[in-house]
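In what follows, chain A forms one complex with chain B and a second complex with chain C.
Right, the complex of A and B next:
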């Protein structure tokens, strides 16, 4: 555990270094080459934009963060409950899964305007769209995790006379949680994406709106500042799921049954 | 991998098709019985009518979006393959690019759309560039994962038998990576259409995304549904084409898994 944490920290340090190198190269390139700062703002200008418009960015950032967090929680619920239902019946899976999968093939982010028609331009529209975009990985994680429990473990439970509830609580659930959490990680990114696209389409408030507005004014630095904040929101949400994963691993107290992480 | 526990649609998914038809029928009946206004939820019949009436525009705008998406998809797959190969062959490139790739994977890339308009103006170049940007990452990461997934023993065996780096790459790494690459390409197919459409939402003068926004402004919900139906069909078509290519490649080169 500790060694894993250490190597994780080490790789995080390498990643940070590489990202820092990219930022430095970006600053150097923009300064060295005769590029207009309106076209590609250097990192220093982005920082300045962050400091210059704290009120706008804070107000819209909080709106986006609130809608993303709520959308994420709702998406998890909307994924776990039907996912658990689907895992109970093979017939249900045969009927519903092809449609759920078909929904993933189509470019469903393009369906945002429909939500505007149904729910108007307010927060409910963006949150509903975020749920629509983000529930799928959670659903798949839940179904695959619950249905994919090691059959040997299940047979052992039956032989030992475990009740249905005991099997679910102590065998199926621990098997499902790693995949559920992997799905939630994807859902965290997707929920943010859903809210941002919703903000593009509704053009009412939020960082997506700031991005659109600043881009139309040619204020590249402000666009990038808003995107930096968006990344921050995404990383916080992703980090929260990561923490939940660590907490679960500690509670479980053994290597996770499924090896699929990240 | 327990993901294979999910049932994939077999040859002809009769049961889901029947459920789908039933759902359409219920939808039509619900709209008629509850007198739901067309603006809110058009009945399948009125969407079909809209499809029929607006067929020429739908075809033209569909061609614009489809062309941009397919073009972006081809470029993204090529670029993703080249990137992954370079990262596999040269560790330095890998160390420089990999963390940045992962960072971009976490970043809400679609939010960068308006920047492409600032850089390249309204039109095909910015749309293409944006769609490529959105769809290149799944290919690159999938392919790289695949190239790295090669059995270490096989690689050592090949090297011990005097195989060159190129032979290891061509005969061991590439076949192992193929399913991963195709999985990435499938995601990229959907993302290319997403990128093209979202790009058209932001600003465009043609394409299905543009048509949807116009129809939304006129509250012509049946037309929104019709345009989205065409879009979904096109997206599913590209996805299916990747699937066919994958089958063909597997039969031709017979990969494991």
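Right, the complex of A and C next:
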């Protein structure tokens, strides 16, 4: 236990050292080479931009974080409910899957302006776009997970005379959770992507808007500062799903059949 | 509806039961006009080569498959679907990986809405009888194959069924564990005197455990020979080392060879 903790701390320290080295190299390169700080701002300038505009960054950062979190939750619902429905009926799958797949093949960014036409330039437009981009992996994780239930366990349910609900609750759902969580991890990053694209096209608020605005003024340091904050939001959301996965793995108590730990 | 099952002297009766699976391009004839019955408290082994259709017989007795011809009675009444008073064991233990041994054993009570307190004593007694005491709170993945199958026996018996159906329950185990499990089952059955159908391709298991052995032909399965096992009860595993036992095993081996050649 102690050794495991030690090695975990050790590998975390290694990763942190690598990041620190990268940042230092970046700083050194920008200072040492004849690169204009307008093209590539050094880390010190990014830090300075973060400290110079805390109110702007906080306001837009909070908006992005709020819309991403809500978009993610809605995307999970929009994936789990139809995914569960699809898994109950082969007919439904045959009817709906071509449409779901066609939606996936369309380059989704190209549809972003349409969302503005439909929903205007406010938060509903950005969140709807985030849901649109992020729900698919959750849907696939749900259907694949529910379909992948151990056949022996299903036979056991039949022998015991379990109802459809009991079978879903006691056997199908627990077997589906690992794949569902894997889908949710993908959805976490997709939701943030969707919100940022939404901020690009609506140009009202959010860190994506800050990026566009600062870039148009040549404020590279502010662009990078906003991106650092976007990374932070993405990491927090991804980490939350990861924590849920670890909690589930502890409850599951056995090597999980699917879904990997990132 | 009056409970006629108590009046019937037969736990199960197959009357000219046949089964054809509608496979393509050719339908698969699995069982051909099988007639036999199992008296209350009788242990019947069904012995036959792999893939001869004996598992199909058992699945029909469990109510998981319906006969395409003939009549199948359970306690004097036509069998339609899984029966509440039947316990079933499969080739795999099919324990739910996220439940402890005790919770797996109690799983049938959960499905049937029987309060835990009512069956807890019975579950603990069974767990002790099969030698799993001290492992109640272990997860399946922490157990050996033999221990998992012991837990599966307890689960099949926890609601005190009057008929126990076993489909090659020890065939996934190594030879030593397998003999050991046969002994556990012999001991357990002699204490409870339930009716039982035990499908196996091990002659030793079939003879040691059963009052009567049915030898099946190749597919489609018919009863090629019926043999009453003359050894008195209670039997001990040492019986298998006697000359009389060896003679009976040799005789059955001859019967199987002839039924295969026919």
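Here is the rule we go by: the second predicted complex is superposed on the first by the 239 of 262 C-alpha atoms of A that agree within 3 Å, B and C clash if a C-alpha of one lies under 4 Å from a C-alpha of the other, contacts with A are read in each partner's own complex, and residues count from 1 in each chain.
Going forward, a contact is a pair of C-beta atoms (placed from the backbone, for glycine too) under 8 Å apart; a residue touches a chain by one contact, two chains touch by 3 or more.
Treat the numbers as computed from the prediction; the structure is a model and nothing was measured.
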Self-check item: Dominant toucher of chain A (residue count), chain B or chain C
Solution: B
Quiz item: Which holds for A:235: it touches chain B only (first), chain C only (second), both, or neither?
Solution: first
Quiz item: Does the superposition put A:174 against chain B (first), chain C (second), both, or neither?
Solution: second
Quiz item: With the two structures laid over each other on chain A, which partner does A:223 touch: chain B (first), chain C (second), both, or neither?
Solution: first
Quiz item: In the superposed arrangement, which partner chain does A:152 touch: chain B (first), chain C (second), both, or neither?
Solution: second
Self-check item: Touching residues on chain C, where the partner in the complex is chain A
Solution: 62-64, 81-82, 84, 86, 88, 90, 92, 94, 96-98, 107-108, 110-112, 139-141
Exercise. Under the touch definition given earlier, write down the residues of chain A that touch chain C in their complex.
Key: 150, 152-153, 155-162, 166, 170-171, 174, 251-255
Quiz item: Can you name the residues of chain A that touch chain B in the complex?
Solution: 14-19, 21-22, 38-40, 90, 93-99, 101-102, 104-114, 116-118, 140, 143-145, 147-148, 179, 189, 192-193, 196-197, 200-201, 207-208, 211-212, 214-216, 218, 220, 223-224, 226-227, 230-231, 234-235, 238, 258, 260
Self-check item: Complex contact set, residues of chain B against chain A
Solution: 1-3, 5-7, 9, 13, 15-16, 19-20, 39-41, 95-96, 98-100, 102-103, 106-108, 110-115, 117-119, 190-191, 193-194, 197-198, 201-202, 208-209, 212-213, 215-216, 219, 221, 224-225, 228, 231-232, 235-236, 239
